[in-house]
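Look for subunit A in each of the two complexes below; its partner is subunit B in the first and subunit C in the second.
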Partner chain A sequence: MIEARHLTYHYPRAERPALNDLTLSIPAGQFCAVLGANGAGKSTLAYALTGFIPHFYRGRLEGKLEVAGNDVAQTPLAQLAGTVGFVFANPFNQITGAKFTVRQEIAFGLENLGVPPTEMAARVDEMLARMGLEEAADRSPIALSGGQQQRLAIASVLVMRPQVLVLDEPTSQLDPAGSEAIFRLLRTLAGDQEITIFLASHKVALIAEFADRALILSGGQIIDDGAPPAILADPGLERLGIIPSAYTELAHLARQRGLGNAGGPLPVTLAQAEAFFR
Partner chain B sequence: MEILVDDVTFTYPGNVLALDGVTLTVASGEAMALIGENGAGKSTLARHLNGLLKPGEGRVLVGEWDTREHTVAQLAQRVAFAFQNPDDQLFARTVRDEVAFGPRNLGRSAAETATAVEMALEQVGLGGRADAHPYDLPVADRKLVTLAAVLAMETPLLVLDEPTAGQDAEGIRRVGDIVEQLKDAGRTIIAITHDMEFCAAHFGRVVVMAGGQIIADGAAGEILRQSELLARADVQPPQLVRLAQALGLPGTPLTRAAFLDLYEEKQQ
Partner chain C sequence: MTTPFSLYLDRETGLHRLHPLTKLALALFYLVAGIAAPGVWGSYTVFLLLLPPALWGRIARPLLVAAGKAVLPFAVSLFLVQGFFWPGGTPILTLGPFSLKEEGLVFAIRSTGRILALVGSFLLLTLSTRPDRLMQALGERGTPQALTYILLTTLQIVPRFQEKARTILDAQRSRGLETEGNPWQRVRALLPLIQPLILGSIVDIEERAIALEVRAFGRSGPKTNLVALADSRGQQLARWLLLFGAVAVVGARLFLAVTGP
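So, the complex of A and B:
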């Protein structure tokens, strides 16, 4: 579903590349999370997948990127928008500001795609329920709390039923329960609806629990790639700008004191930590 | 500088009741975390502390000042506020101007302002970006610019709304270090946060909000172990506390060392 070959990108006037000879293949329906320090290239890769690079951000793009069979550099943004949905890190950037209610805001993308009104209403209602926004349906988008705005931003993209969903830190403003709910939703979308998920996030424990695959970026390159528990059970992640799960660090220290399970991988999730200390 | 929130009720236009009889005292030099689900009223309460919002009923005193009798500009001498969304706050053309805005408006001299700006930018790790346009920085750095802007005002009271949101490991450590420095300097800090690890590591007092009310207020060790109480605010205990509970360890370990001590004791 996503095929990147030797992708290198320089922002305008930048000397160092933000993406550096990056090759990556993500099959349909995979929930792939990307981690790394701020500045490692997570957002840049997300912008490339959605076509903001090179259509909106100029700069120099080399190599090849295909998303859902479209060569991103050759496909107009309007056409990509029907296939790839993007959720911004900051929901305040997503919300149009042109709509008076949450319901209208969610319908905005469908209006632009020319969906008939009855279908539109049904899809908007479904999305309000799914994202827990029913009570806020008739409120102004700008009167919502940060967390509600983040859920609205996701709803307004998901309602267009993209094949690929790209999210840049979509839970940064959410409470812990709200973050977990989003990860669960993404798990369901990938598993049941075969939507390919590309998620940039710092939330190691949730990624280990819900994602199929984790990529670690550093200096615009993929430096690690594999099953999340295997990659993320590393107390040294912090040198890559990633906060390890509290359980991994704890178990690491425990071993130094001769406590806990002596062999096997370090835990990342609560369930793994329980097993480690039992 | 002490804060008194006295039975405050606040309703947003459209009849949305955001604060419902909130009473809270914060002593000078206290470090307090305000936690709770999205929409609980945390940001609304915080915006009462610098006078951006005035109580519908009840009163808010900052020092001896009643916020209804003082302008936001006057209150800014006492309270600095870093917004959750940096883009609500940033407007200047360079990072330096942005951070200088506060001290300049508080009447500091050009030399004092320059020093305060330089120190604040060093503190947040953006010393090399003073000439950048704030919107050329990534959102996590824009958020650190708002923190620098607050630090440069050198107010006795700081209100930080989700200071660690969107930060990577280094950013979170930096924000934590800054909170510790402020505590050492005797400043009063109120932080709204969803980050339970950050909360457990740096804040002695925790106030829990749900549905526009304060549902718990006490020492971090006391509050953060009550999973049922926290669940009412859609919050979970910190990871270490959850693990300790799952393993049946006594006590509320807020640090790794405390956890391992408890665990070792139980093994013996």
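So, the complex of A and C:
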């Protein structure tokens, strides 16, 4: 579903590449998470997958990138919209400002796609229920809390039924329970609806629990790639600007004092930590 | 919490249920009639005629209050400047070196009436029509989407901008910036506000443009609307009659001006 080959990208006037000879293949329906320090290239990769590089941010893009069968460099943004969804961190800026209720805000993308009104109403209602926004349906989008706005931003993109969903730290304004709900939703989308998920996030424990695959980016290159528990169970992640899971750090300290499981990998999730200390 | 900037008052009335373009045509008719009305008190009559539809829409009181507030400063300055400083003219009241001139007074009354009718027709439309519905109606009649978008989003961005300015100001104040006191101090307090506000807003605009593209805003081809605007044959006819009426009023006024006394 996502095929990147030797992708190198320089922002305008930048000397160092933001993406450096990056090759990546993500099959349909995979939930792939990407981690890395600030400036490692996570957001840049997200912009490339959604076509904003090179169509919005100019600069120099080399290599080949195909998303959902579209050669991204050759496909206009308007044509990618609806096929490739994109949610980013600041929820307020994802609200169009042209709609006066949450219900209409969610419908905005469908209106632009020309979806018939009856079908549109059904899809919007389904999305309101799914994202727990029913009670806010008739309120003004700008009067919502940060967490509600973040769920609204996801709902507004998801309602367009994209084949690929790219998210750049979409849980920044959510509390732990809210973040977990989003990860659980992404897991379901990937599993049941075959939507390919590409998520940039710092939430190591949630990634280990819900994602199929984790990538670690540094200096615009993929330096680690594999099953999340395997590559995230490393107290040394901090070198790469990633804060390891609290369970991993705790287990690491415990092991140094001869507590917990002596062999095997360190835990990343709560369930693994339970097994580790048993 | 921010709320959109809009004069709209949510009521369940027949006026509110009218198609936005019908209300636009009605407001336009009042506006033209109010400005073209002859005589000193003509515009005031038109303003009074705004009251029946305003009462129907249960917005008469806010309309009167808002119109009063908006027109008062104009009225005061018109009376002072035109009334006392009309060149030549017939004095009707003398206060020391100043004298109130009849011609100036008549001009001030007539101008105030026109402004009142103008503001009143605008308020009749805006108090009873949700801005997004009006823009949807205009969009359906071929107004470019980019234009209706800009008009609508301004209503929501202005309050957001104010809130942001307040946040920045509070942050600067908590670090010891003096924002109160004499006018010079207030002006100086603006400088550290401007930079984060402007730069922050440029970043916002970039992200907003991306968000719009994600939602297929730039896609050409037919678009649909979640909510259909209720319209009727009667309202279509009424709109044509109102537009025709507005043209007729202008015609009559021109005719009077050419042949008049």
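Here, the second predicted complex is superposed on the first by the 278 of 278 C-alpha atoms of A that agree within 3 Å, B and C clash if a C-alpha of one lies under 4 Å from a C-alpha of the other, contacts with A are read in each partner's own complex, and residues count from 1 in each chain.
Everything below uses one rule, namely that a residue touches a chain if its C-beta (ideal position, glycine included) is under 8 Å from a C-beta of that chain, and two chains touch if they have at least 3 such contacts.
Fair warning: this is a prediction, and the values are worked out from it, not measured in the lab.
Chemist: Contact-wise, after the overlay, does A:L185 reach subunit B, subunit C, both or neither (first, second, both, neither)?
Modeler: After superposing on A, A:L185 lies clear of both subunit B and subunit C.
Chemist: Is A:G147 contacted by the first partner subunit B, the second partner subunit C, both or neither?
Modeler: first
Chemist: After lining up the shared chain so the two structures overlap, which partner does A:A73 touch, if you call subunit B first and subunit C second: first, second, both or neither?
Modeler: Once the two structures are laid over each other on A, A:A73 reaches no partner at all.
Chemist: After superposition on the shared chain, which partner residues are touched by A:R278: those of subunit B (first), subunit C (second), both, or neither?
Modeler: First partner only.
Chemist: Going by the contact rule set out at the top, does A:A137 touch subunit B (first), subunit C (second), both, or neither?
Modeler: neither
Chemist: Using the superposition on chain A described above, determine whether A:A205 touches subunit B (first), subunit C (second), both, or neither.
Modeler: first
Chemist: Given the touch rule stated above, what does A:G39 touch, subunit B (first), subunit C (second), both, or neither?
Modeler: The first partner, subunit B, only.
Chemist: Can you pull the subunit A residues that subunit B and subunit C both touch?
Modeler: Looking at subunit A, the two contact sets intersect at 90, 92-93, 140, 143.
Chemist: What part of subunit C is in contact with subunit A in the complex they form?
Modeler: 1-4, 130-132, 135, 148-149, 152-153, 156-157, 159-160, 204, 207-228
Chemist: Along subunit A, where are the residues that touch subunit C in the complex?
Modeler: 50, 52, 56, 76-79, 81-82, 85-86, 88, 90, 92-100, 103-104, 107-117, 120-121, 124, 140, 142-143, 153, 156-157, 160
Chemist: Considering the complex alone, what residue numbers of subunit B touch subunit A?
Modeler: 12, 14, 16, 36-39, 43, 84-85, 87-88, 138-141, 162, 165-172, 194, 196-197, 234-236, 238-240, 242-243, 246-247, 256-257, 259-260, 263-264, 267
Chemist: Taking the touch rule as given, give the residues of subunit A at its contact with subunit B in the complex, in rising order.
Modeler: 36-39, 43, 89-90, 92-93, 139-140, 143, 145-148, 169, 172-179, 202, 205, 237-238, 241-243, 245-247, 249-250, 253-254, 257, 259-260, 270, 273-274, 277-278
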